[in-house]
Structures are given as structure tokens and as C-alpha cells.
Amino acid sequence: MTRIIPIVVVIAVALVACLPLLGDNYLLRLGTMFAMYAVLALSWNIIGGFAGYPSFATAAFFGLGAYTGAILQGAGIPMIVAWTGACVMALVFAVLLGMAILHLKGHYFAIASLVVAEVLLEIATSWTGLTGGGMGLNLPVLQISIEAQARLFFYAMLTIAVLALLMNWLVSRGKVGFALRCIRQNEDASSMVGIDTTFYKVTGFGLSAILVGGAGAIYASWVFYIEPADVFSVLLSVKPIVMAMLGGAGTVLGPVVGALVFIVMEELVWRNFLSFHAAVLGLLIVGLIFFLPNGILGLVRRRRAAGLKPEEEGAA
Amino acid sequence: MSLLTLENVSRSFGGLNALDAVDMQVSPGEIVGLIGPNGAGKTTLVNVVTGALRPSAGDIRFEGRSIAGKKPHQIGRMGIARTYQVVQPFPEMTVLENVMAPATFAARAEDMRTARLKSMEALEFVGLAGSAGTIAAELTLAGRKRLELAKSLAMNPRVLLLDEVNAGLNTAEIDGALTLIRRIADNGVTVIIIEHLMKVVMTLCSRLVVLHHGAKIAEGTPDEVSRDPHVIEAYLGTRYSRNLGAREAAHD
Amino acid sequence: MLYLQILLNGLMLGGLYACIAVGFSLVWGVLNVINILHGSFVVLGSYIAYFAYVHLGIHPFFSIVLSGGALFALGYAVQAGLINRVVGAPVLTTLVLTFGLDLLLNNSMLLAFSADYRTVRLENPFGSLVVANLVVPLNRLYAMLLAVVLTGLLYVVLMRSRIGRAIVAVRMDPEAAALMGVNVKRIFALTFGIGALMAGGAGSLLSLIFPISPLASTDFLGIAFVVCVLGGLGSIAGAMVGGLALGVIQSFGALFIGPEHGLTIAFVLLIILLIFKPTGLMGRRGYE
């Protein structure tokens, strides 16, 4: 079973990568959004899922990345370099912020991380000289066909989504993931067994930011125009959490599954209930908490664990 | 040559002295019992030595180097391990994973394979190898106490502080635990044990240190300490110690 | 003189802030739940006051009874029916749940009342009091005084009534309270109801001062956050001190930095406090 999963994942990624062949721009836009959501959910999963720190900082990293990319591109720097710069910016910011607020626990950490995005939003709105203020910022338009643009940004988003998935896989198998899982279950005991909790928490926070910054920059290039309220929106912090919980927080594939289910539902809701899509999202959240507390993968795993238990004990 | 030295160590909580200028020396290979009535400051002492709390004053030296004010993970890596009065497993992990954490981080095993091998060794030592795949939260109390011991052993400790490892165990389980602790000491680990059961302390320890209201009030062999009138008074109260004295007189 | 005027403005604002935050603080302290709905509760209270005035002619000072009562019922129902089921769950669960409920409530208000800003225009405005060159807008002064009275009333209820004592007992130690025969789940629901009641009351008072719109809910929530961290968690005195402090800081901040940055100043203050003194100005230890 465990050997099949990587193969299935590779085939799934390959299939998604074939999406442009369908020549449907609507589907391609949806695919790009899906990849972006997957990046956000997978990134949040490192700090929120593995380490169990309720981070609402995703919007801060995303907006910071979007503005960094936009400003760099506006200064004539090549797009790819601007995107990389956005990743670095988000990483540096997360490490500094993490060192400042990761000693907080529970609600206090959640509030601090939530408020940071609000403050960045204010700064972006007020610093008109650099960011264009509340009027927003236009990005240079690419001199290629609209179809080529759609494909370019789809593949760019998909690439970092795959990177995010790889990152989760590596973290879950390595020392960082082990340390973060220990921290989630008992932080005091973690430091007693020799885990440098500050180092691993800051590492996890940095990892949860780096690709989100890149996604923000690619998003900015993709839509050509950004404004503070759009890229620092609190929903950008909440949706990844919902997606990760929907699929199964703390698992490698859960956030991807969650992102897929989420984008399908969101699209259906957007099309049919435009004026109360927020309320429907709210209903979805309430349903999720009560009926799927361990996510879709949690459901599958529990069922499998129930079936496998005698065999496992026999082996041990 | 002293392995662990406490010099004048104090710790106060908002004006209340939980530890009051405690001096203490532990030599390699010793089993030292740390006793005293409830609230005497025993657990605070463990917390201060292992870095969970910072001493308000005084110095702690391990192998000649000061460790006062160092972080718990740094002290753990130097070779000081502890168990908790209230067991602290990582509840959702298997027993094996629980032990692999200290093997990986405190003892810095080169890779996961080595960590796994070393952890299995520790589990075998405490007699928990059969439950390696069990989720820690599903263990019995006695099992969790053994797990706690295995975790601290996987740290490759030079000094092991045991905080009431026998609390809540039945007689048979306590006998098993005593055998274990002796075998740990035989392997060259210095043991400091906090214990309420006099039987355990008397048979196990070569030396006792008695705390009362955060201060050290007596120190010596179990025999010396058990005859010390200060200790009897601190432990049992004046009335009881008088009765005890009367009964001993009757026996003579 | 200018500074004295600003200080006065800040104190009047601060009394209202305290009233906004005290219910939020109570719920956080007793249930260990951050109620993201709180801002929308305040707005709902304002709408009730608005419609009570426009259609029934009830002065907002008196519609406190209506808004408080309605929100108590809503809060009690939400806690008893939904949040009680996850009250011991990890922080993230309750946070996300109340966020989802807030989306639901706020979106419903948006649909029902639209995003347009409304204001209560009294037929007989209070006007202003001028004392030694200090201008005191009477609506603000009265609203602030009523807010303080309302907060004081809550204090008396907590200290004197049986239910109040039970709430305090549950805050100290839910297990011990349960052993002593307190129905903890019911106390949770009552506490959440009282938190919502305070939000509704504050909403009524604010309807005289601030424009009413569902969009304002995040501002009120933000204020509640900051006041709780400033004053320390779970005590009414803390909320009072935190509210007054925030009001004064914002008033002076508006003077020196600009009025449009009021909430940003509060948030920056919040982050600095959380980094360096997470126990609040009063040094009281919060949950966790």
C-alpha cells in the first residue's frame, strides 16, 4: 500500500500537468488556483499540522511575496528572479517574526500571527510611494499570447505546488518533522529529550513561509494587478487551514486533497450563490469541525487502522 | 571528584523560597536519595538542575562546567536526564517513536536506523520491547513509567534524576522498578532519586539528602538520616516524633 | 489644553472599548475560547438599536435591554448547541469554528441590512457640554457612563449572584467546580450568553456614536483583542484598564500619527506587548 502511494501521486501530478492540452482556459484558471491553494495549505501544514501552532500568518507571507515580486518586476528585474526574491523575502520575514512570537502559545500565538497581516496591510495601504497605496499596483504586461500566459503561470504554480509537496514529504520523514511532531504533542517534554524547540519551531515557520511568498509573487504576475486588501486578506490565512483540516492536518497528502475538494466546492458556490458565498464557506467550516474533525485522510486512515490492527500487533 | 555540584542554589517564586541556598554534591556511581515532605522543593531542585527553571541564585556545575541558566535541551545533550512525576509521553506516537526522540536529539544518533536500534535496546532493558508498536497513550501506568525510564536511558545519561518513578505502582511493580534502577546504576549511571517510600530509599540509596521548606536539613547514610531528630520532626511532625521516640524506648 | 481634551476624548472612547471587550474577555477567560463572532455580535446589537429607534422610537439607551436580551439568547444557543461540543478541543478547532460562524452571521447581516453605513439620528440630539474650553459631546459622555455602569453591573453579578460565583469557580478550576455540583456545560452556555449580552449592549451604545455596518465587525473584534492583551485576561478590572489605556493611546496616536491609523497603532502595540510582556500590563497570568 505505502509503495503504491508515491506512484499514484506521480501519475496524478503528470495528469494535472496535462491540463493545458484540453485547451479550456476556464479549467486552466481553476488548475492554477488549485495549485496555489495547494501551496498555501501544504505550507501551513508544516507549522500548523506538524508543529500544531495555530498560525494565521499565511496572508502576511502571501501579501509580502506578492508585493516583493511586483515591486521587483516593476523595477525591471526579470520575473523569475523577482519570484525568487519574494521567496527569500517571505523566508527572512518569517524567521525574524518567528523568533519574536513563537514563544507564545495557543490563542496568543494565533492572535499575534493574525494581527501581523493586518499591520502589513496597513503599511502597504499607507506607503503609497512604494506600493501605490490603496489604489494598488500594476505589473508589467507580458508580451506573449493570452494562452501562453495562462500556460506559463499554470506551470509556475504547479512547480511550486510540487515543491511544497516534496517539502512536506521530506519534512515528515526527517528530523525536522520528528521534532515538530514531538513539539505538537508535548513541548516541555520535547526540550527535555534534547530538542532545541526554538530552532525547530523557527525552521518550521520559515518553511511554512518560503513557498507562500513565491506563490504570492506568481499570483501578482498572473493577475497583473494587486491591492493590499486582496493579497493580505484574512481569508488567505483561514482558507489554507480549512483545506488542511479538510484533507487531514499533519499528513503529507491531506492538504492537497483538501485543496482539491475545497476548490471544487468554492467554484460551485461562487457560481451559484455569489452573494452569500462567505456564509456557505462558514457552513462548510462548521460542518467540517463537527463531521470531519480528522479530515478526509483521517477518515480513511481510521478505517484502515481498524482493519489492520490485529496484523500489526502480530508483527510486533 | 564530584560529578554534579550545587552551590548555594536558591529559587524563589514571588517571594516564596522553593529552594533556599542548597549545597549538594554527587559523586560518579552514587545512588542518592532526595527526600522530604510534600512541598519541600524536591521537584523544584530537579527542575533547576535540568534547566526547566532558572536558579534565582547560586551555581550548578556538571563535570566542572557551570550549567546554571542553560536551556533544557542543552543540559539534556550534556548527559543529564530526568523522568517526570507525572509521566510525559508523546501520547500519539508509538512507544518506539517516543524513545527514538531522545535517541535522535539528545544522544544525537547519526541516522534514524541507529536511533531505532538504540531505542530498541533501551526498551528491551526496561522490558517494554514487546510493546514497541503500541501507541503510548494506551500503555498502563506501570508501562508509561517504564517508557519514561527508557526515554531517559536513550539519552545516554551520565546522571539520571528520577522523580517519583514508583508513585502509583503496586508492590510487584515496585520490585521490578527497583531491580531496573539497580541495573541502571550498575551500568555506571549516577542516579538521584526522589522517593516517598522509605523502603525503597533505604534499600536503594547509598546516601540521602533531606529537604524541608526548600532548605537542606540533613545529609548522610540512610541509617544516619533516619535517626536524625530534625528529619523525624520535619517528616512526621513533633507529636508523632515524640510518640515514635516513646515506642523506640519501649522496644529497648 | 489640547492634550487635556485629547485625554478626555480617549477616556470616553476607552470606557466604550472596555464595554466591547469585557464580554470577549469573559468568554476567553472562562471557556478558553476566542470568540471571533464577538465583533459581529456588537454590530448586531447596533442594528437592533437602530431598528428599535427607527421603527419603535425606542431610544438606544433603553434598547440595551432588547439588544442585550436578544444576543444573550443567541449566544446561549450557539454555545449550548455548537461550541460546547468542541470546548476541550485544540485552540485551532474553536478558533476556526467561531470564524466559520462569524462568516455565516456577518454574511447574513450583509444580505439583510446591506453594507451601507447607517447612523441613529436622534430627534433631540444631546449636543455638547463646554467646560473651561473642554468640549464634551454629551452622547459620548452618556454612552461611556452607561458602558461603565453596564460593566460594573456585570462585576456585581459575577461577585454576588449564585450564577456569577459558579462562573468564577468554573474559570478557576472546571473539574473541581463539576465535582461540587456545578453543571459546567450550562455555565459555559450562560457565560457565552453573557459575553454576547455585553456585546449587544455595547452595540446599542455605539449606535449613537459610530456608523453601523457589518463591515465594522472586524474593527470591534480587533479592539477586543487589544484590550484583552493590554489589560490581561479574564478580569473585569483588566478589561477596564485595557479599554481606557487603548482609548487614550489611540486618541494621542490619532493626534500625532493620523486618525486613519487608529487600529494599526493598536495592533502594533498588541504585537509589541505580546512579544515582550504577554501577561498584559497588569502582569496577570492568562491562560497558557
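Every chain is named by a letter (A, B and C) in the order it is written, and numbering of its residues begins at 1.
Going forward, a residue touches a chain if its C-beta (ideal position, glycine included) is under 8 Å from a C-beta of that chain, and two chains touch if they have at least 3 such contacts.
None of these values were measured; they are calculated from a predicted model.
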Touch-based graph of the chains, sorted into line, ring, star, complete or other: line
Centroid-based (C-alpha) most distant chain relative to chain B: C
Chain nearest the global centroid, as defined over all protein CA atoms shown: A
Where chain A and chain C are represented by their mean Cα positions, the distance between them in whole Å: 33
Centre-of-Cα separation between chain B and chain A, whole angstrom: 44
Chain B and chain C: spacing of chain centres that average the CA atoms, whole Å: 49
In the complex, chain A residues that touch chain B: 175, 178-179, 181-182, 185-186, 188-197, 312-313, 315-316
Complex contact set, residues of chain A against chain C: 48, 52, 54, 100-101, 103-108, 110-112, 115-116, 118-119, 122, 126, 234, 238, 241-242, 245, 275-279, 281-286, 288-290, 293
Contact footprint of chain A on chain B as seen in their complex: 50, 52, 71-73, 76-77, 82, 84, 88-93, 97, 100-102, 104-108, 130-134, 151, 155
Residues of chain C touching chain A in the complex: 28, 32, 34, 82, 85-86, 89-93, 95-97, 99-108, 110-111, 218, 222, 225, 229, 261, 263-264, 267-268, 270-271, 274-275, 278, 286-288
